[in-house]
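Naming follows writing order (A, B and C), and every chain is counted from residue 1.
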């Protein structure tokens, strides 16, 4: 495909006059590109890679001021990321499509309601009384519990399991191995003359997931002790995340891989938790809070902004902590100087009487 | 259901004379309750929510001294948590019950011993030579390996997989997606003239889980290199926990979500590891140790009590570390003062000769 | 089995003259051993356990200088660890062997290519167009996506799922519940007058795993946005690990349990990441870097060696940070002394005029 044929697809783009019009045969990152490949510069960290790339063409920001090899045509665009995303499907295989139908090995329970165009894959198990909306895709080896409700266009990848009575909104996508609605961790522990006594607190609520939520692989979202654990619409959750019983997230939250949120904590709108963040239970996290990777949150965060560290503090305070080793070194040096000065004063005073 | 009809169920409770006797139609937290709902105050953090709740009745501790809206009846009880737990089943659907029987799609191997009242769900696979005790529930899509032994009343949720020869005691419950008995991470690495050489150490032991253990979803417990990885009776393990080969836990331990315990570490009785705690390998953790969330444990903990931080230290020491930024600020101020005082002394001494 | 009969199996070993020749009936750690057991001393931490062990024989290093009970024969060997590993199979059951064949319940798609000696277990699902090399073992309940390619001697344990078009080299082993090729976490977020707008970035690449890689249980490795997420040959990955889209690891890396590596990060050769390490996205980690447990890596690590802490720093620097509380205490004491000395100087100067 000629570069010139590709440009109309990506919208507002400009190419230097007299530039070559190479054949584009593939896509790759700046570092990996070979002749024939199209690449892009979205992250300024990679700017210097443009200068040495072997790509035949690179999407760069309109204000890109750097150079490029002679073999590489620079295409100036408003958003290199979006332009590249528009070009990618022309050089990759499309995702697998599922045709409506129920595989003969699927076990569909009694009183199940199926919308039009539903796909149910090999060995999927749909519990009694479940409801699947239109165009729902339930892939191989998915287990949907009794009386679950799945909205239109839900897509469950293989090995997903959903316990009884949970409710998923429209266009919810859940990746392989994720578990929705297992019992939360809830026990009443007491110390008796006979030893430690641990009783299970029944977990009788459900999980409710609103529209347009996507959840990654091998994540776990626990059912509520009573009522519902709730994930707000448009929230995106990554792999291996733990969400405890009775947690609620607002809409449009981002919850990155290996985050853990303990029971009954509430996230506001647009909260962003980066990789491995841990949040204690029964907390309130305000709209617009962003917690950076690896942080631990032991208390409410009531003001929007960036937090960092364990225990998490506003980023500005954290920088002070990170610079503390330097501050302590400086103090040591100052104290050493002061000691010398005092010694000198003492010596002078001790001499004075003799003077 | 009238509140007065509910009270006998929950035992020792007192209501103010002349209080109303509302119809209770549901249950909810203080914050979410609507008229008709019953709620409870167990965590003092939520005390102020009683004053504004819309619940029709609230269980409070006997010594509760606060107010409540006119529309809300306060019910004084010994344990609001337990009273509420006793009331919840009257307003929620019961958990799904499995009737004994073997689904026609289940694959049961040769020489399998099944106790009375066993349930085996769709597509479950039971390996040759396995033994299942009375009333064992093996849900859809569970894989039980060859020669495994499951005690009476074991309950395995969908997608659980147990590798060959592992042994589970009575009343062990394991939630969806958990893996028992995969190979531990064990390699012999050497550097040779040809490069790094990595050889697998065979993992030929098993996992033994004692009575009354509950394990959450998507957790992994590795088989021993030889002998057994062992989980003590009444220990409760949450979701996404990693337990390495040859680990042993005492009875009555609590291991919360995303904890990782490296190989050959031994936990005593009643050890509590909160969310995301990491414990290095070959360590001894004493009876009654409690490690707070997010901590990392690089060495033995031989004294009971609370530990915190990474590397974990006794809580009291940790507070000193957390207060260090303040201490450094104080030192800076003191050093500044000392400098001024020394300057003044120097000035005075320098003048003296002239005096 | 007589000890003397066992020794030829383990190679270069020496036993004191006139030592007894006990019957060996089992194997155990020094701490757990009973009479009849063989044990070994590999980790010097356990040296004192040799003195009190009840084992009938113990493999010790050639230079072992300690004592042992009279009931215990010390066997001096070059590597107690290797000698013990050679002895273990004589006292444990062998791993389960799968005989070639396709279980009648397996669903094998159209245009699937199967090498000789393949085993496909109950309820496994092989997608259209997939290729399985010779002697591949696909256990019960595995789902292999469309057009995947599995090299000779690949072994997939139950519940593994591999999304479409991913490629595994020869002798790749993957344990239960692991997900290869789920979509990475990739969204374009913008704030519009109508609120936060979150669009999914299609994830159209694959995962490529080179020869001799082993991957633990419930781990997730995301498919690339475009191109491939790549795991280098001989790399060993533990349980519950997250590897983001477009990550690349060199050969011979070790990635221990609960590690998370964010998107587009590249690891060199022989990189070792211990338990729970988090690595941010778009980073370069040099050959021979070792990051100790629990650390967080926010930036490139360009020099081989050990790193520790969050943010991770070279181990030497970290020790300074760990010792900071001590340093601050010392400074406090010094400042207190200086204050006293200045006070004394001031007093003397104040008196002088009167002298």
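The definition used in the following text is that a contact is a pair of C-beta atoms (placed from the backbone, for glycine too) under 8 Å apart; a residue touches a chain by one contact, two chains touch by 3 or more.
Keep in mind the model is a prediction, meaning the values are calculated, not measured.
Student: Could you work out the angle of the rotation that brings the CA atoms of subunit A onto the matching CA atoms of subunit B, rounded to the nearest 5 degrees?
Tutor: 120
Student: Given that subunit A and subunit C are copies and touch, would you call their interface same or different according to whether over half of its residue numbers are shared?
Tutor: Under half shared, hence different.
Student: Distance between subunit A and subunit C based on Cα centroids, please, to the nearest Å.
Tutor: That pair's centroid distance is 24 Å.
Student: By the touch rule stated above, which residues of subunit A touch at least two different other chains?
Tutor: Those would be 105, 123, 141, 159, 177, 218, 240, 258, 276, 310, 324, 328, 331, 335, 338, 342, 345, 349, 352.
Student: Which residues of subunit A touch subunit C in the complex?
Tutor: The touching residues are 27-29, 32, 43, 45, 81-82, 85, 88-89, 91-93, 95-96, 103, 105, 121-123, 139-141, 157-159, 175-177, 214, 216-218, 234, 236, 238-240, 251-252, 254, 256-258, 269-270, 275-276, 293-294, 310, 322, 324-325, 328, 331-332, 335, 338-339, 342, 345-346, 349, 352.
Student: Could you list, by residue number, the parts of subunit C that touch subunit A in their complex?
Tutor: These residues of subunit C touch subunit A: 105, 107, 123, 125, 127, 141, 143, 145-146, 159, 161, 163-165, 177, 179, 182-183, 185, 187-189, 195-196, 198, 200-202, 204-205, 218-220, 222, 225-227, 240, 242, 244, 246, 258, 260, 262, 264, 276, 278, 280, 282, 296, 298, 310-311, 317, 320-321, 324, 327-328, 331, 334-335, 338, 341-342, 345, 348-349, 352.
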